[in-house]
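After this come two complexes, each holding chain A, first together with chain B and then together with chain C.
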Partner chain A sequence: MMMLAALLVLIMLIAALAALLLRNAVAAVAAFAVVSLALSVLFVWLRAPDVALTEAAVGGGLSSLILALALRRLGLWRVGGSNE
Partner chain B sequence: MRKAAALLFTLGLLFLLSVMFLRFELGQAPMRIGKDILAAAPEQVGAANIVTSVVLGYRGLDTLGEIAILFTAATATGLILSGLGGGQRRDPEGGFILRHGADLVFPFLMLVGMYIVVHGHLTPGGGFQGGVVLAAAFFLPLLARPSRAVSHSALGWIEGLAGASFIVIGLWALTLDQAFMTPWLHQGVLGELFSAGTLPLLYLALGLKVGAELASLLAHLAEVEASE
Partner chain C sequence: MIPELHVGWVLFAGAIGLIAIGVGGLLMSRDLFRVVLALAITEAGANLLLVLSGYRFDAIAPIVTNEVGGVMVDPVPQAMVLTAIVIGVGVQALALGLVLRIYRAYGSIDVAEVRRRMDDDIAAEAGLPLPSGREKPAVHS
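Right after this comes the complex of A and B.
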């Protein structure tokens, strides 16, 4: 079972590094969400489902949504509005 | 200078984490009050989810502080963002799949959010988590159709009434010769939906408050268009 935790921590480390190093800001936000989701699985493994639910909803969902909207506001993320 | 400060901070954090890693075994936190609460909570509060009986029962005042912090942060952000002249140029409508997918998923997201809020005293989850899901559910139609206006005053009313009822439920305990935020009402049978006294009501108020607050915040953020 320790292997699962090690794997999750590895995923988190890789995703965190990706969030730091990726040049594309939207991809960095997605990597940030991956860190939170892996952390929430880790919380389930540590038998803290309440905290896991909070981490998934707030860390994985809301924070990345707010970051993505902030990118939009800063003009770092353009939506191609050519279709329709 | 700034790099030195960053290095110092990183070293301190590393030291803290290594001490924690060496001293405590993973998943085996040393608890003193935890065992007492685990033993006493099912009979004292009557919530099947012990975490809820701590969050709203034993540490209800902390939760009130938490929602006060969230309220202040959301109000300040809304104040700043609404002053930036939002609503001039909006995103184009979402495509066919996004629009119809949002319509399809919206009721299910509402259901999941309300389930998490209402069953907070029985299963993992509660007002905060469910409220965030509700806010995300309300944001989805806005993502699909950005031109649709959001009624910030209605969200404000929901938020205000929910927050006020949270405090009133807490204050009402004073009339029963109990401390502020003590759960009252009949405890009921452990594990049933209508049990644990006022805890489900408190979580419902909390969920509506957090949901309305965050939905308003997200709508504000989405309304303000990039200044190019």
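Right after this comes the complex of A and C.
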């Protein structure tokens, strides 16, 4: 159990670093969604299932959707590394 | 119960790490979009820290179940965090709207570039010499 929590925290921190360091903005938004989903699993661990539901739906879904739509308007929506 | 205590410390380290990464990103990002992402990461870390403040390793979830007896974890931080998550998405949408407006006005979301052009615009409006020493922009009627 202890190892699982440590693994989840490690995944969350690495994804948070990746969200700030990745060049591709779409990949950064995906890494932020990973942070949000790992956080919702940790909320279930902390006996807060309602917070976990909200975090997964609002933080992982709606927030990533808003970020992705803003990326399209900012002209940063580039999938695939070959073009620039 | 010693391993359970260790789980609490691991989660505490995770929350502090998220806040540290987010604040570092806020300070060091050169891209306004990354600033918004760093703000969201900081907020996630603060939420984890708040939920962790009401955590007891021997308690059950504060919802109605068929379990009898036992103590519950503190429901007040959980209710607060539930609100804070939704408010955080609202703040993020507002920040993205401002970034979009800046992008449409200046054609760039680089922090240094936007700041230089904003300083120029403010100086031009006030009739002062331009701070960056460039040519004066054309006066629009």
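Throughout what follows, the second predicted complex is superposed on the first by the 77 of 84 C-alpha atoms of A that agree within 3 Å, B and C clash if a C-alpha of one lies under 4 Å from a C-alpha of the other, contacts with A are read in each partner's own complex, and residues count from 1 in each chain.
The working rule: a contact is a pair of C-beta atoms (placed from the backbone, for glycine too) under 8 Å apart; a residue touches a chain by one contact, two chains touch by 3 or more.
Given the structure is predicted, the values throughout are model-derived calculations rather than measurements.
Judged by the touch definition given at the top, the superposed model places A:L20 against chain C, while chain B stays out of reach. Put simply, more of the residues of chain A are touched by C, taking chain B and chain C as the two choices. In the superposed pair of complexes, A:R72 makes contact with chain B only, with no contact to chain C.
In the superposed model, A:L46 makes contact with both chain B and chain C. Contacts of A:F32 after superposition on the shared chain: chain C is touched, whereas chain B is not.
By the touch criterion defined above, A:L62 lies against chain B and chain C together after alignment on the C-alpha atoms of chain A.
Of the two partner chains placed by the overlay, only chain C lies in contact with A:M12; chain B stays clear of it. Shared interface residues of chain A (contacting chain B in one complex, chain C in the other): 5, 46-47, 49-50, 54, 58, 62, 66, 70, 73-74.
By the touch criterion stated above, chain A contacts chain C in their complex at residues 1-2, 5-6, 8-9, 12-13, 16-17, 19-20, 25, 28-29, 32, 35-36, 39, 42-43, 45-51, 54-55, 58-59, 62-63, 66-67, 70-71, 73-74, 76. Partner chain A is touched in their complex by these residues of chain C: 3, 6-7, 10-11, 13-14, 17-18, 21-22, 24-25, 29, 33-34, 36-38, 40-41, 44, 47-48, 51-52, 55, 59-63, 73, 78, 81-82, 85-86, 88-89, 92-93, 96, 99-100, 103, 109.
Of all residues in chain A, those touching chain B in their complex are 5, 46-47, 49-50, 52-54, 57-58, 61-62, 65-66, 69-70, 72-75, 79, 81, 83-84.
Chain B contributes residues 26-27, 49, 51, 91-93, 95, 116, 124-126, 128-129, 132-133, 135-136, 139, 214, 217-218, 221-222, 224-228 to its touches with chain A in the complex.
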